[in-house]
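Next come two complexes built around chain A: one with chain B, the other with chain C.
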Partner chain A sequence: MNAIQIKMREVAGQLLSLGEVDRVIGWEKGRFAHQSPPAFITDETKVERLIWDEYCLTGTAKYLLDDPYRAGKTGLFARGCDARAINRLIQDGQVKRENIVIIGICCTGMSDSVSRQMAAKCCDCTHPTPVVYDLMIGEPVKPVAKPERFKAVAELEQKAAQEKSEYWTRQFAKCIRCYACRNICPACNCRECFADQYRVGWLGKQHHTAENQVFGLTRAYHIADRCIECGECARVCPVGIPLMELNRKLIKDIQQLFGDYHAGVDSETAPPLGRYSLDDMEEFM
Partner chain B sequence: MRRIGVFICHCGSNIAATVDCAKVAEAARGFPGVVYSADYKYMCSEPGQEFIKAAIAQEDLNAIVVASCTPRMHELTFRKTLANGGLNPYLFEMANLREQCSWVHTDKEKATVKAIDLVKMAAAKANKNEELTSSTMPVHKKALVIGAGIAGMQAALDIADAGHQVVLVEREPTIGGKMPMLDKTFPTMDCSACISTPKMVEVAQHPNIELLAYAEVTEVKGFIGSFTVQIRQKAKYVDHDKCTGCGLCETKCPSKVPNEYDLGLGQRACIYKPFAQAVPNKPVIDPLHCRKLVDNKCGLCAKVCPTGAVNYQDAERLFTDTFGAIVMATGYDLYPWEEIYGEYGYGRFPDVITGLQFERMVNASGPTGGKLKRPSDGQEPKSVVFIKCVGSREPAKAKGYCSRACCMYTAKHAHQVLDKIPDAAVYVFYMDVRAAGKAYDEFYEATLKDGAVYLRGRVSKIYQEGSKLIVKGEDSLLGRPVQVTADLVVLATAMIPSQGSRELAQTVGFLPDLDGWYQEAHPKLRPVETPTAGVFLAGACQGPKDIPDTVAQAGAAAAKVCGLLSKSQLETNPMTARSNPAICSGCGLCVAVCPYKAIQLISLADRDRYGKRINRTVADVNHGLCQGCGACTVTCRSGAIDLQGFKNNQILEEVDALWR
Partner chain C sequence: MALMTEANWEPKVLAFCCNWCSYSGADLVGLNRMKYPENVRIVRVPCSARVNPQFIIRAFQRGADGVLVAGCHPGDCHYSTGNYYTRRRFLVMKRLLEFIGIESQRFQARWISGAEAVKFRDTVTKLCEDIKALGPQRKLRDQK
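Take a look at the complex of A and B:
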């Protein structure tokens, strides 16, 4: 049994038995050897369910929103991506820091359940060590710049407008509007998504490439300066739309226009599009 | 279902020359909901408006589109027409065929196609427009004037004379601002103190003015008609109710420090009135230098005070009051030239002074009793050099704007030197002479006749040689370098917004421009209003100004305040943002982007999805503060906050119409 897993069970057991939390969220072994779905444990005698292996891919933070007003505290196992997701939710006013005990895990990357290679989201990970935590398991790793994660975006930028349009039309022709990308995304934390507001007229219910595209592109804009680059949207997309390319294009543009900003690295710095300052650019005026 | 009437205006030939108005009217008849359309030469004219009213009645119209000029011009006109025709004024929609079409295009055929599209969009929005109603809010009939220079005093007096209550707040121990510091005023050469100090007394004695000197505004909440303002009265250490202003304490105080009022040219005691005619004419103690307050030694002033007015235990006081309107009159300061003008010696040469220091020196009640003296050795200067535009009109180095008053006061100073020292030589280095004012150019011409030598060019260097200053510059009209040996150099430094004015603007709730001057709501049509309703501007806080312009603007601001305070109720603008708590997730992004501080997060009692009683956070819009800019609505991802009259579905309808 690996050291992290031993420590996870030990910490979870302690937190539950001392009553510091009344549930922990981590991962367990499910039906398949190549998948480790999230585990919700409320009983200290069940901590043996917790596991840490190369398939702990699912983000844990978004599950806090399943019952945001529950009374007790939650112990949350958080890798780098989960910690940034927690900051996202705190900054967006969706969870309170004092209601979570963050058990940070220094993560070295997970494997894709199909290819068995390092998962794409982990290849592009810049913050493997949690940026916020109460307890820490493992040896911290420094953040890495990973400029190569913008390679696909840079290549796309080289293409003509027509080619780009065709590329994304092709991608969204595959979309089945299952909304998995939205449901897994920690930045998608609206009470009511614009995609569900049919009466306003944002987009219709019909399944149609143009409407799919409106959904996908609007969602990308809605999380433009708040995307924490966890890569969950692209991971869960059942039809393989490269959603992170859209997100990274916006992140790249925002970094060029507003300077180096990494969403969710802390919960204080306001996102560049979500603040008002006299120094804001107004080249268009 | 809407029955829309579309009215296409020719605007004389403004629109009709470039757009086929009849064709647009004809096309409009095919748009969804449109039951009537017509074109007319001047829709805004009396017959034009009657035409719309008649159509409303005859065709049973319940929504109107006028395609004419910009809504800024005539939206209000046509809303009134609707109201007179018996319709809710917000069932009106305007298409801009002038500024956005005819004025910017030349090809009539293409412009007509575009005009049809613009009308199509307006008609689509008219289909979705809703009736909106204004509410009313009470007006507190009291004005706050911040800053008691000549602008603030004039505004306060004008408002008070109209019968309204005014609170006048001044951060210095005396009111009056910069004007009483000056010796004479151009172009009439009347004594500045003789015309400003009576105003100070008038302010102090006016039954409708409450004067709060040595006080600052620390917090402003609320909105037009009802601003709740917190004011901090600084500790004076002298009970002004007991003090008779006899001045004995000042004469006995053993510590002397440079007097700010004389810009360091003279000295004052640590219990002091800034100048003899100060209002209130009672002293305060300088807590940074008073020996009693710093070291707990001395205490002489308390011993000599015949009325026992000195109180070393005095502390600042905070209090709040409610006002219907606020006038900003915070004035200006001078550019700190010492920080960047190395070529003029960074302030190291004592005989290089500013225009305001010159004023104090030439002032009969100033530190030298009106005698011109070199600060270095007290000798009378025989050669005086004036340098204009120090910091002004220097976009690369300091400020890009013109400070407006310097050309004239430099001419006045030159005249005064020649008047007081008949054998003196006076040189003025200038870029242009801007003397656009009543009797201004004549004054400048007279100064030339007095014998002032105007040299068009900039000074590149000043250095000291013995007791003299060597001024090296260029005469660009002759195209050759010039060198002047001077006893005294006077710099006409740029006006800049007064210290702390940016922070004060943020406290009050509006934003200054990039140079820090307070921005008027419209440079031509609303010059004394700010974008924040109920806040007005007087004097140099809005931009560099001389005294006549300042006084005129203060009167204008006062007229606006009186207009506001003469109402007991204000009608609110219904086109404000509304937050839908059912959708709002309480992320607070709208709060961060609102420039008017109109949105706050509040707690709402609700049930969660499991039926449990909870309190959740939602955004709440203050409709008095909201100006309807729409910044919040575009920030809100879920559309929980929506602008009345510009709702998301209304705008989407317009966009959709364009593609139909």
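Take a look at the complex of A and C:
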């Protein structure tokens, strides 16, 4: 058994038996060897369910919102991406820091359950070590810049308008509007989503390419300055739409226009589109 | 009213104008008996910052060939700071639209004050000319 897993069970057992938390969220072994879905444990005798292997892909933080009015504290196992997601939820006023005990895990990357190679979201990860935690398991490493994660965006930018449009039309023609990308996303934390409105004007219910594109673009823009680059949306999309290319396009432009900003790295600095500067670039004269 | 076909196509341009500056600017065009293209449909909004970026996406989806967002000059906003947010928002939005293949001429943002009738007329005239040259916008349209 790996050292992280031993430590996870030990910490979870302690927190639950001392009553410091009344549940922990981590991962357990799923039906298949390549599945490690999230686990919700409220009983200290059940901590043996917790596991740590290369398929712990699912983000844990978003589950804090499943019952927004829940009393009691949660012990949350958090890798780098989960820690940024927690900051996201704190900053957006969705959870309170004092209600979470963050058990940071220094992550070395997970494997894609199909290709068995390092998962795409982990290849592009800049902050593998949690940026916020109460307890830490493993050896912290420094953040890495990884500018190469914007390569696909830069290549697409160079193409002609017609080609770009054909590319995105082809992608969104596949969308089945399952809203998995939204449901998994820690930045998509509005309690009332535009996509769920039934009144005319917000988003049509028809399932066709134009409507799918309106959904995808509106979602991408809505989280533009708050996306923490966890890559969960692209991972869960059942039809493989490269959603991170849209997110990274926005992140890249926001960084170029308004300065370096990494959402979720702290919970204090306001997202760039929620503030302004008198010396912002002027293109609208 | 004759149905619009490929042959007699005329662009539809949607202009979101802020109540305090650009809408008055557009009004002044009329008061001065100046002409601007009939292709422009004006939607009056309390502030340019009221324009949700989704409005732009929806406008293109529902048949607009071009969209203009017009507001007070920076420093002149009726609500002091609204247009500073507008500026950030649409600097980013403009680039996103280009990224998905909407030609840059089709979406414009401009600062037009209540006294700038000529600027309003010139801006929308130029916008309509550019869009006529580009042809109909079909990329984000329903039923493509």
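The criterion applied here is as follows: the second predicted complex is superposed on the first by the 275 of 285 C-alpha atoms of A that agree within 3 Å, B and C clash if a C-alpha of one lies under 4 Å from a C-alpha of the other, contacts with A are read in each partner's own complex, and residues count from 1 in each chain.
Methods note: a residue touches a chain if its C-beta (ideal position, glycine included) is under 8 Å from a C-beta of that chain, and two chains touch if they have at least 3 such contacts.
Please read all numbers here as calculations on a predicted model, not as lab measurements.
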After the match on chain A, would you call chain B and chain C a fit or a clash? clash
Is A:101 touching the first partner chain B, the second partner chain C, both, or neither of them? neither
Identify the partner contact of A:180: answer first if only chain B is touched, second if only chain C is, both if each is, neither if none is. neither
Of the partners chain B and chain C, which touch A:123 in the superposed model: first, second, both, neither? neither
What is the contact status of A:135 with respect to chain B (first) and chain C (second): first, second, both, or neither? neither
Look at A:191 in the shared chain and tell me whether it touches chain B only, chain C only, both, or neither; answer first, second, both or neither. first
On the superposed three-chain arrangement, identify whether chain B or chain C touches more chain A residues. C
Once the structures are superposed on A, label A:152 by its partner contacts, choosing first (chain B), second (chain C), both or neither. neither
Answer with first, second, both or neither: which of chain B and chain C does A:69 touch in the superposed model? first
If you stack the two complexes on chain A, which partner ends up touching A:258: first (chain B), second (chain C), both, or neither? second
Counting only touches as set out at the top, which of chain B and chain C does A:276 meet: first, second, both, neither? both
Can you tell which stretch of chain B bumps into chain C once we superpose, 114-122, 150-158 or 348-356? 114-122
Do any residues of chain A touch both chain B and chain C, and if so, which are they? 194, 201, 273, 276, 278
Which part of chain C faces chain A closely enough to touch in the complex? 53-54, 57-58, 61, 74, 81, 84-85, 87-96, 98-103, 108-111, 139-144
Touching residues of chain B toward chain A in the complex: what are they? 511-512, 514, 582-589, 592-595, 601, 608, 610, 612, 614, 616-617, 631, 635, 637-640, 648-649, 652-653, 656
Partner chain B, residues of chain A touching it in the complex: 67-69, 92-94, 189-194, 197, 199-202, 222, 270, 273-276, 278
Would you pull the chain A residues touching chain C in the complex into a rising list? 153, 156-157, 161-169, 194, 201, 208-211, 213-214, 217-218, 220-221, 224, 246, 249-250, 253-254, 257-258, 272-273, 276-278, 280-285
